[in-house]
Amino acid sequence: MSQYLYIALMFVGIYGLLSQKNILKMIISLNIMELGLNLFIISTGYIKEAKAPIILFGNEGNYVDPLPQAIVLTAIVIGLGVTAVALMLARNIYKTYGTYEIDEIRGENDD
Amino acid sequence: MINPVLLIAIPLLAAFISVFIQKLSWVLLFGVSIFTAISGFFLQKGMFMIGGWKPPFGINLMIDDYSFIIIIVINLLFFLTLLSGMWELKKNKTILMVILAGINGLVMTGDLFNLFVFLEIITISGYILAASSDKYYSVFKYLVLGTLGSSLYLFGIMVLYGTLGTLNMADISQQFPNVSGSVKIISLTFVFAGLGVEAKLLPFNAWVKGIYGNTTPLTGPLFSTVFATGAIAVFGRIFGQILVPDSTLIFAFIALGLITFIFAETSAMASKKLRELLTFSSIGQAGLIITMFMIGGFYAALIQLINNAFAKTILFSYATKAYKSNGDDTINNMSGLFRKNVMMGFGFTVATLSLIGLPLFFGFYAKINMLQSAFALNMWIPALIILGSIIEGIYYIRLLVKLWNPGEEGQESSELAQSQFVIKNGFSLSLIAVLIGIIFVVSGIIPDFLTENIAKAADSLSDAATYLSTVLGGI
Amino acid sequence: MKKIIAILLTVAVALFVFTNLYSGDSDFKAFGEKSLEETVSKEFVNKTVDPQRVQPETGSANIVTSIVVNYRGFDTMGEVTVLFVSALGVALLGGVLRKKVTFRYKPGFIINQGMKIIVGIILISGIYIFVHGHLTPGGGFPGGAMIGSAFLLMYLSDDKFRTRIAAFKVLEGLAGSLIMIVGLVGLSTGGYFLYNFLPNGEIGQLLSAGIVPVLYVLVGLKVGSEVSNILGDFFIGEVEE
Amino acid sequence: MTINSLIAQGMISSLLVYLLTKLNKKLGAFLTVLFSGYLLFVIFGFQNSAGEVFSLIHFGEFELTFMTSHYAWYFAIVLTLTYFLVSFFNPYWMKKMVNPAAYNMLFMVSMVGTVGVFYAKDFLTLFIFYEIVVWSSLFIIPMGKSRKTPVIYYTISSIGSFAMLYAIFYLYHSVGSFDIQAVSEAMSQAPNTYRFVFFTMIVAGLTKLGIFPFHTWLPAAHGSAPHTFSPVLSGGLVKVGGFIALITATVIPSFKILAGDLQLMGVPFENYLIMLLGAVSIVVGTLMAIKQEDAKKLIAYSTVSNSGYIIIGLMLNDQVGFAGGMMHVFNHAMASGAMFLSFAAIAYRTGTTKMSELGGLIKRMPLTFAAYLIAIISLAGIPPMSGFASKWLIFQGLASNGMMFIALAAFFGSIGSFLYVFRPLSAAFLGQLSPKHKDVKEVPWMMQIPLIIMSFLTIFYGIFPGRILAYISKIQESVGLKGVEIEGTKIIAATGMWDSLVITLVFGGGFMLAAILFFISPKAKPVDQMNTYTSGEFIYDPDHYHYAKNYYATFENNYGNKKRVELFFDAVALRVKEFGEMVKTMFFAKSVSFSIFWIMLFFTLVYFWGDKV
Amino acid sequence: MSYLIGLMLIVIAFLWQVTLEGFQRKVTAKVQRRVGPRWYQTFMDIFKAFSKSSISHGFIYDFGAMMTLGGTMATVVFLPFSGIVAFNGLDNFFVIIYLLAVGSLGMAMSAVGSGNPWASIGVMRALTQMVGYEVPFMIVVFGMIFGYGTSSISALVEVQAGGFLNWHLLRMPLGAIVGFISLMGMLAKKPYDTPIAPAEIASGPLVEYGGKHLGMLMLQHEFAVFIEVGLFVNLFLGGGGIVAYLIKYAAVYLFATIISAVLGRFKIEQVVYHFYKVPLALSLIQAAVVIFTGLGVEIWL
């Protein structure tokens, strides 16, 4: 069932966050995770042999659940916003420290 | 009476307007903040549907006694933060207005997904404000953890949706007890972890050190009071009323809260810089309050939440101002600093003593209530709470003694040894400090004048039936 | 070693999630096996949330749109705000860099001219999408994104384009304010924020579904300008190698 | 006048004092004298009042109430007297203080707080005022020499006070009331609860009294507090701990409730354990006091030792020993107050309390010397001063119970006290006058007043201890013990009696005899102090001819030089800090992956643990 | 009346002990193969001292001398002497021990007040030694007090009436040994004469004294010896009638003299160490035996 794959995809993202030390790769991992999550959300609305919930197409009554679709729309946009900020931060980090590698960043959080 | 939607709509409207009328943004920000701070007191209670769609189908705002008091507190805190961070606003005015709207929405909303949206609004605003400290990596860490947290939260609520077919809090809280254990454990842990990131619970809060530890006079009080109060209040709402965990799982959550409390307090004890110390103290307090929410001591939790929020306003404002003015906040270099600004010193001291929970200050009332409700559960939780309080007291007293009394060790205390530090732009903070200090003292002697509403709030939180009937039975 | 631990841990958590979610006694509706009757969506689909209203409740043919903009319009407002904030944030963060971009390549003639044609088409289809958001798949967000992509194309192909960001700011703020004002008008006329105070009309018509198309157009404009803003801000600080 | 209005007046006038001190330093200080005198006067009026209830305020859903009682009056009068006498010193120290206004205010607050502690009807009130006393005194200490010691003070105090808070709420949880009377009645049915409460609550008393192993704060805080506050700390605030112990063990009658428990030497083993701690602190206090170079630290350690006597006396809970413990509260307050005050006087004139830098001050400050002498005679328990009465009673109490090991400590402490009290006398007052202090004068008359009063009281109650013991026997009867037996000036214990007046008269007679002998003999020729036997060498430097440093070095050689308890506490503090650092590195690491690892681990653990909820 | 008896006791003590002191010097001399002074030499010493001129180092120097003599004489009054008790019931053990300390304190004050460091060192040693011998002694007596339920010395004498088998010397042999060793310490006889140690610290506390001051201190010393030996006789040898008392007294005192005549001197830290090593342990054993088994008090032959 494809829902398994979506959850798995989410965990792939988490694995990326766990193992990656490069800021850009981490952003990508985040995106993978969000993608998996969004797919999972969509999948919760799926109903077998049901159609897209648009009345004009004439599938009276037999629609898939439209709510997850609405929600995923919001989630995607939020993901976009986060990614934009993340990328900008990555650029600033590169500008300040000259690297994208976490291990090479010096001078922050040390007391 | 004011429709609570306005507390979200007006700040947002002002934020949008401020984009193209830049010059007015200063006025807009303060106007909006004063408006929300005042109108918080005149908020209309009850359930408010958005777009006229009744729950669980539409989104609703819920103003019961609980959110009422939180809204008042948060908006007041926001205003105080603005006052103390007046000189740091710069280009952040629009974002601040969005934050105001977001935090109000976060507290009032009656829909789990809507809560996620508001959570994202304030966290993204948080990333941006935090970046004003130029510590981009810390912000990035916050971003990663924050995004992970909200994703976990979203996963949790989508599992719930997949099971119950609804996102409305009231609806879910009604059906949740009947859900099978395996779904419960998934949804609860994921929601817990997701909110735990914002509420600063221990394994989820690695971002806090970098963010709180590098705050400016604006972001310091903002994060530590407004954000923290909002996040913890939501935490209390969700786990106190909506998704009430069962006995096994709640034990894990309580354990985590207590671990956060004690671990963070020990870390604070090991801190040599003022902001870092306060950071860990904030984490510890969050752990404590969440523990109280988890064990059902809503009243105590709320009192401590408010106590902590107002106390941290002064503490963080002072610490960040000291850093801003001198470029350093090592405690050893600040010896005798209060002698130069006695009013702030007074406020700081009273706030600290209240936070520790010494009598004559409001915090003591919180502490005895905490112990009372903790004892209702078992004997170990109060013991651990007391252990943490001892550690907390030690480092705060160390701090206060240092800041009040200039002088080398082994020498009589004298003005000669006073720190070279100064506090710039401290006038508004002095006023706030004295004001809050007096409130702490007065309410420490006669707590009734503050606690009446809090007691109602706690009652409304534990009274799920009324909540359900207000939301689902209304209209 | 670290990676092994990472894999083990991830797999363990994933396994626990799977086993709990799909175990026999789990109430979680397995993939595709749920029924609309068990969710709140059945009322959305049937448009019978509020029996006291004029039927159909929303004139939107696209049920997703009716949810996004009408039933759960508040979410959308929030999501627009998120985008707004992140656009602001990108601008603020980028403001630190303060350096204009120059490309290492020079846009050629074909690109220059081709762009002029394509941008028009993209813009128009974008606008079409959000104007028809209540009828067909799509809506403010995809439409806005398309508008954004049009401007991305313009950025890429024309060095001189970058001067009009201020206009986007105004558009963005204006659209946002209008959304709020529409909501507030609903509050004052219907008593509820974001109340649908316009007539619903007939399903399938362009001018139907009350405030849904109005809001969706505003959202589309806002998203478009925000995306463009974000892109524009990204170009500001591009460091020359 | 009621207790609650007294408390309110005190709190308000402390603010007033703060403002007035800001205006004029001396004025504020005189106000503290005035107010503490007023407080003493008013409290004195409550001498025969018992069982009167005053309600202070509603504190949330709780009510704070006061109740008068004999034991409360006794403690209150001792403390207010100490505060009152010490306050005479205040005006002279205002110029030397870094923050005189705060000093005066906190002085007042702590004074009022102690009254609140003693008159509390319920545990909550008691705890509130106890904590007020702690923090108000806490902020005075760093105005002296050290910024570290207040932290030690707070740490140990808070261990005690939080243990007490825990006990209080445990009681509230199981009894449903904070009221001491109610708890006391309920406990007789629940010895198991009481046993737990006994140990947790008495920790507060032990910490405040400075009983081993919580004694470390005393030398630290007393030694470095402002000179005018050390006497209050030692003579006054330490007694608050004694009060807590009294409440825990006697007002809630441990001897009745725990009668079914294992009895060791006539007392329940719980009491005996506490007495053992008291015994250890006597020994530790004595040994440590002997080797101090700083007079204030020395007196502080002597306080540790004397607190041991107090707790032993109180824990005996009998007719004689208890009376001794109670009387020792007063005696020690006067004696240690006078000792600290004399050294405050010395510090006022010479600027130091280090014994090796002083010497021969008797010629310059005879009154201070006399006050110190009388105080140490009392502290060492030598008749005819009042200190002997309490020690004698405690010894009788121990002897009639056969508590051998505790008696060993008590005897050791008593004899050892000769050593340490004599040292400041010898090093600071006697011996060679240092040229540095050639022009030192006696302290101003206002500072002499408390010294004179304390000396007078010490002598008076040494001759007529029955005056105090009669009141103590009232206390004993009010808590269900047999009152100590007095006949005129005779004090009768089961194992013997003594008559203070006769002893004084005989001693006086002996002294007269000696004086006659002295004066009928040829008159002595006065010579200079430097004109002594010097083995024929010419000595020109009084400083070098003054034996003051390492006075008991030879004796100290017999025991180690490590402050083991301090080291232990330091080690604990270090471990806590290290743990904090570990938490920082573990949970607040630089790498994001680290915290994601923890999150994942949390999930795993939850799923492992609560597989099915 | 009591006061007159007290005065009488003081006179008896003076006459008897000063006489015995002369004998003691004689005995010591004999042991050391010397001739030694005449038996009334000590009387002569004291009277001579009072008649000579002296110097004074200030008020406390004089005051301390008076205090020490007065305090010690006062103590004599309270000590039961062969059944004669000046103040009935007030012959309390603790009173005697602590009243004796008044004398020591006075001497210490006076000596240190002279300003001579030798005196200070001597006083330091005396006090240190006191810590050594008092504690074991008090513990032994503590056991007795518990055993008989009284701390009155005359009562403790009474319980030993009826033959030497009832003496505590036999009933509590360990206690008696401890008592005797402590007595040696109290008397500051060798090996415990460290505080005086003429060759080391020029007679310690007495270094500055001359004339009447010295006379008073000598007197004080004699009274103190009378009390200390008297305590031992009363507590362990059962007191007795006047003759028996005096004989026992002389025996104990001379026995101590003979022992000390052949011994060297401890260092001061050795004194304390010594007292805490053996006598304290013995005294604890003795007290424990009395307290926990009653052996020596209730159970006896």
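For the reader, a short list of remarks on this structure follows.
Going by the order they are written in, the chains are A, B, C, D and E; count residues from 1 in each one.
Basically, contacts are C-beta pairs under 8 Å (C-beta built on N, C-alpha and C of every residue); 3 or more make two chains touch, one makes a residue touch a chain.
Bear in mind the structure is a predicted one, so any value in this text is a computation, not a measurement.
Any chain bridging chain D and chain E, meaning touching each of them, is missing here; the list is empty. Where touching is counted per the definition, the chains common to chain C and chain E are D.
Distance between Cα centroids is largest for the pairing of chain E with C.
Contact counts per chain pair peak at D-E. With each centre defined as the average position of its C-alpha atoms, the distance from chain A to chain B rounds to 28 Å. Computed centre separation for the pair chain B/chain C is 31 angstrom, with centres defined by C-alpha atoms. One simple way to say how far apart two chains are is to compare their mean CA positions; for chain A and chain E this gives 95 Å. One simple way to say how far apart two chains are is to compare their mean CA positions; for chain B and chain E this gives 75 Å.
Shown for chain B are the residues in touch with two or more other chains, namely 113, 117, 120, 124, 127-128, 131, 134, 140, 144, 148, 161-162, 167, 181-182, 185, 209, 271.
Residue numbers of chain C whose C-beta contacts span two or more other chains: 6, 9-10, 13, 17, 20-21, 29, 34, 39-41, 44, 72, 75, 78-79, 82, 85-86, 89, 93, 96. Shared interface positions of chain E, i.e. residues touching 2 or more other chains, are not present. Chain pairs that touch one another, listed by label: A-B, A-C, A-D, B-C, B-D, C-D, D-E. Per the touch definition, chain D reaches chain B in the complex via residues 57-60, 62, 96, 98-99, 102, 124, 127-129, 131-132, 134-135, 138-139, 142-148, 150-151, 154-155, 158-159, 162-163, 165-166, 169-170, 172-173, 576-581, 583-584, 587-589, 592, 594-596, 598-599, 601-603, 605-607, 609-613.
Per the touch definition, chain C reaches chain D in the complex via residues 5-6, 9-10, 12-13, 16, 20. Of all the residues in chain C, the ones that touch chain A in their complex are 2-3, 6-7, 9-11, 13-14, 17-18, 21, 29-36, 39-41, 44-45, 61-64, 67-68, 72, 75-76, 78-79, 82-83, 85-87, 89-90, 93-94, 96-97, 135-137, 139, 141, 203-204, 223, 230, 233-234, 237, 239.
Residues of chain A touching chain C in their complex: 1-4, 7-8, 11-12, 14-15, 18-19, 43-48, 50, 52-56, 61, 63, 65-67, 69-71, 73-74, 76-78, 80-82, 84-85, 87-89, 91-92, 95. If you check the complex, the residues on chain B that touch chain D are 140-141, 144-145, 148, 152, 181-182, 184-185, 188-189, 193, 202-209, 245-246, 248-249, 252, 256, 263-264, 266-271, 280, 335, 339, 353, 358-360, 364-365, 367-369, 371-372, 375-376, 379, 382-383, 386, 389-391, 393-394, 397-398, 400-402, 404-407, 409-415, 445-448, 451.
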